[in-house]
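In the two assemblies presented below, subunit A is common to both, partnered first by subunit B and then by subunit C.
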Partner chain A sequence: MALVLVVRSEELGIGYEHDEGVAWVVEDLDLEVEHGVVTCLIGESGCGKSTIGNAISGLLPPYARTYGRLVVADRVVIDGDKMNFTGVRGKVVVRIAQDPASALNPYLTIGEQLSTAIRTHFPGLSEHDVRSKALELLSDVMLGEDVYDRYPHQLSGGMKRRAAIALALAPEPEVIVADEPTSALDAYLKYAVASLLKKLQREWELTLVFITHDVSIARYICDQVVVVYAGRIVEEGASPRCLESPSHPYLELLLKALPKRFSKDRLADIPGMPPRPGMYPTGCKFHPRCPYVFERCRQEEPPIIKAGDRLVRCWRYYEQSLT
Partner chain B sequence: MSSPLLKIENLHAFYTVPLGGLRYGYRKVWALKGVNLDVFPGTTLGVVGGSGSGKTSLIRAILGFLRPAKGRILFRGMDISKLDRRRRMEIVKEIGYVPQEPSQSINPKMTIKDSIAEPLRPLGLSKEDIEKRIGVVMEMLDLDRSVGRMLARELSGGMLQRVAIARAIILKPRLLLLDEPTSFLDISTQAQILNILRDLKEELGLTYVLVSHDIDVVSYISDRIAVMVSGKVVEEGVAEKILREPLHPYTSILLNPEGVAREISIANSETDLCPIRSWCPLRMKKCSTEPPPAVKIDNEERTVLCWHYTT
Partner chain C sequence: MSSLPLRSTIEDITSLLTRTWRKRPGFRVSLIIMIVLFTVAALGPYIAPYPRQGLGVEIDVTNALLPPSPKHILGTDSLGRDVLSRVLFALGRGLYQSLVVVAVSLVLGIVVGSFTALAPRSIEAVVSYVIELLLALPSILLAALLAILLGGTATSITVALIVTWFPWYARVSYLQARGLRELDFVRIPLYYGLSRAYVVVKHIGPNILAPMIVEALSDMGSVVLEISSITFLFGIGIGSFEEPDLGMMVANGLRDLVRAPWVFTAPAAILALIAIVFTVFGEAVYEEHHPILRRRWWLWF
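And now, the complex of A and B:
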């Protein structure tokens, strides 16, 4: 099958305006997401992964500034400093927030909320079809028909979460951006949510952009891994394999900093902290914390380099890529 | 074997919550339903469990924020829930506490130095002594002197958590209660804090009770592990053994959550019956009629609350 790109960014930059100018959070981002895959954006807080997610789903705040281009489903949504998400936001791309249940209206039954969404996106449908479509959505997220007539407060936390996911699917989107849908959940619930999203993604042939800081969930769900540090992609691979054998020093240290179940070896200390937007260092953005740093890293920012089965933004792989 | 530093016997505790649903009145919600635990000096007990399992309530009960309805909390052989105020002050000095979210536990209007020194105030120490102690703990936690003059909002989560730990150890406690000390932190800061906690334990000969929902964090630092569900300890034993061979079905799920790709329910009812009886793979007839017994196995080293292991 030919490679169909659903999300493509070309030298995309996103920043936020403040009193003294613009703090650029994401710079020169070249992200490509294929149709029908699960792409995980992995990174620590403040690295810009949510900003990327919000940009794709068209939910950047009014004080956001951009440059470059972002194409979502053949529509140029960001072109330079102009944004146009009409017909894309909430239709082609939907976002599932960390607490999806907060998307539900407490005054309306689940059925009313689903039918409103269906009527808005599919105006020609008869009332009978709207109802059967809503019930179908409920069964897709493994909820019974009785949920149709219930109010959110009558549902358990897990049911509300699934109802909200059904609501997100009502416009039949192509891309779902899930921003940390599993954080703050118990371990087994994390996997329950992740496997539901994966199941829906397969059945509906959706593209899922899954934003997380949880490496084990990423390993479980993703087809493509994109590791973000200081607003750039530092490592990208078409399989979860880079989470087993990392190339970029940041990913390597990050994985060594995770506690392993049967090892009491000292965890890797990554010295310092991730840089704040607007205060990124020169050269490679990871160089102040990198154990392999050499002179070139301080001067020049490395390009993204093809190294074996993946892309890495590190000078250590530069020589290798020339041969 | 030496006697336990902290011994919890048959601890019960409840919260009173409004009835709700437009009715007037209150009802009891039992958060702890008979917890038995021993913590020996110089060891770390890791307490794991899902949300609502009573992990935090256990810590709150030890701290005296939650009054036990039944049972005893023995610290150095004394029941601390029954001591009078003055005696309690004396004893409780030896128990340090690191709360869940540092940004909410540190006074935003106080400088970091004052925050760290606050627990020393009732002791009536001289100014030099206080300065010296602050210097020592800040150095132990790798906090720069300049941090002392800052306010909480100027610090990152990881730095604040270090401040919270500094504040907890400044009274030179024997026992440190850690309630999810890293759940709000990134992976790299989590590693820093866990390493610091391990070093401090060595240096100061501390005893930890560490509560976390992350079994890998618990396994990194604990000697023994207690698994809690619905206000009860369902499995307790040597960390290594539990990790290699979990016996209680709930422990197995905590260790291999990817195996259960569905939402499972924990019955948080008032009955004493097993909370996982609705989906447990080892379910027996007895499980829905009688509460599970505490079974001792591995030479009395491990306790499992399950009918399956009765012979």
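And now, the complex of A and C:
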């Protein structure tokens, strides 16, 4: 497969305006996503994962402020403080919402909502074609034809999630940003939705940006792993292997916090809380919670360092990278 | 396309009404009386025995204050007009007026409320304050003011009532739209650059219409009473002593209460009937829609 960069960000920063100024949530983000790859953004709540996803899918609120550049499908969508998502948002890149209940209008049937989306993106289709295309989309996400005439409240949580995915696929996008598509589902449905997304990604040759805080789902679905902490990439690896052998202490602790089978040990946790945007500590953003912290971490922020098959933002790998 | 969201709203309302019909005998009685009242009001001008007296154009002072008899079933008033004909005409006008007030306020309130919720923050704040200001305004005083300004016709009362009623609907729909505007199906079309009007018509409107109609249904009785109390207190103006209106008839009948109680009793009884029936109807629908309120009379004790 040709290595085509679909999403490329250069020194991207995103912040939200509030009364006292701008809280920068994401800073100096250099992210590259190749065509046809599943990229997982992993991190705790409040790390800026969703903000990155919203930026890629063009759904930043009007009070968002930016710097740097973001290129999606050869279009510069964010350049400095200017955003221009025309022709990209909703056509090339779509987002699957975190909460499908809020993405679907409760007063319209699934069919009506699908047809509206299809009519918008493919004007000139006859009513019959619109309907058959909608039914096709429903069967793609493994929903029966009867769902076409149902209202969202008549669907179960998993079905709603599938309907939201079908709605996102309607414009035939290139990139899908799935913002925690497995939240609030039980363990079985999580894997069902994840494997559905994986299957659709292969069949439609999509680029999938998968945002999750669930490492086990990430391990199951991803090709590329990006660990985000306090709005920065702390570890980036081109394969799920870095989920087996973590380099950054944050990912290491995240993996330790997963429940293990047959283990009688107390489940590990990461002490403290992720810092709030605008109140990030100096030096390495993770140093207050890091078990390996040393003096330099408190003073200076580490650069992204190449360590073996991956990129890590940690001083521990600095010496190693010099040699 | 736009008829489709309305379909589910109509389904909502009809299912609510049938459910209330099944469960509540009070609702059944009041609905039947309401239908009778509306039919009588609609047919009033045609079945009135003395239409010209009903309208107030014809006065026959020689027949003043006659007691009920086969010729004048409800007697005559101080100007010799047939009370039954007067009541029939007045009923139609009152109900029609209250329907206009409720319908116009409902539409106006939904439009103002949902656009306010989507407007920029400064406009939102200003409009909310204005709505609250209008809520604080007593409708009777405003009606008196408008009666002076507009020359005291039935129109001025309708306008005054609309001005004081629509803020309630605007407030309720504003609050509901505020809850909706954080949801993705409202937010994302706006980010995509679709117009506010489209989002209001397609997404917000259908979602708040059904509860708003329920509010309106339960409010109609109060509007009839409000109209009547305004006309009772102020009349519809100096030049319209002939105009049939329940409130005015009660006010005029009071003068002859001792000599001719029937002049006062007939319109007052009709008013009481309207008030009771509409209130029972509205309460039943409202409580069925918000079941948590069913036991709210407990709060009185």
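The working rule: the second predicted complex is superposed on the first by the 315 of 323 C-alpha atoms of A that agree within 3 Å, B and C clash if a C-alpha of one lies under 4 Å from a C-alpha of the other, contacts with A are read in each partner's own complex, and residues count from 1 in each chain.
Note that in this section a residue touches a chain if its C-beta (ideal position, glycine included) is under 8 Å from a C-beta of that chain, and two chains touch if they have at least 3 such contacts.
Note that the coordinates shown come from a computational prediction; the quantities given were computed from them, not determined experimentally.
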{"item": "When subunit B and subunit C are modelled together on subunit A, clash or fit", "value": "fit"}
{"item": "Which of subunit B and subunit C A:Lys82 touches, first, second, both or neither", "value": "neither"}
{"item": "First (subunit B), second (subunit C), both or neither touched by A:His153", "value": "neither"}
{"item": "Contacts of A:Glu44 with subunit B and subunit C, given as first, second, both or neither", "value": "first"}
{"item": "Superposed model, subunit A: greater residue contact from subunit B or subunit C", "value": "B"}
{"item": "Apex subunit A: angle to the C-alpha centres of subunit B and subunit C, given in degrees as a multiple of 10", "value": "70"}
{"item": "First, second, both or neither for A:His128, with subunit B first and subunit C second", "value": "neither"}
{"item": "Which of subunit B and subunit C A:Leu104 touches, first, second, both or neither", "value": "second"}
{"item": "First (subunit B), second (subunit C), both or neither touched by A:Leu189", "value": "first"}
{"item": "Minimum Cα separation, subunit C to subunit B, after superposition on A (Å)", "value": "5"}
{"item": "Subunit B partner contacts - residues on subunit A that touch it in the complex", "value": "44-45, 158, 186-192, 195, 213, 215-216, 220, 253-254, 257-262, 264, 266-270, 273-274"}
{"item": "Contact footprint of subunit A on subunit B as seen in their complex", "value": "50-51, 156, 158, 186-192, 194-195, 198, 213-217, 219-220, 243-244, 253-255, 257-258, 260-264"}
{"item": "Subunit C-facing residues of subunit A, complex", "value": "58-61, 86, 89-90, 97, 99, 102-109, 112, 116, 151"}
{"item": "Residues of subunit C touching subunit A in the complex", "value": "1, 4-5, 8-9, 182-185, 188, 191-193, 202-203, 206-207"}
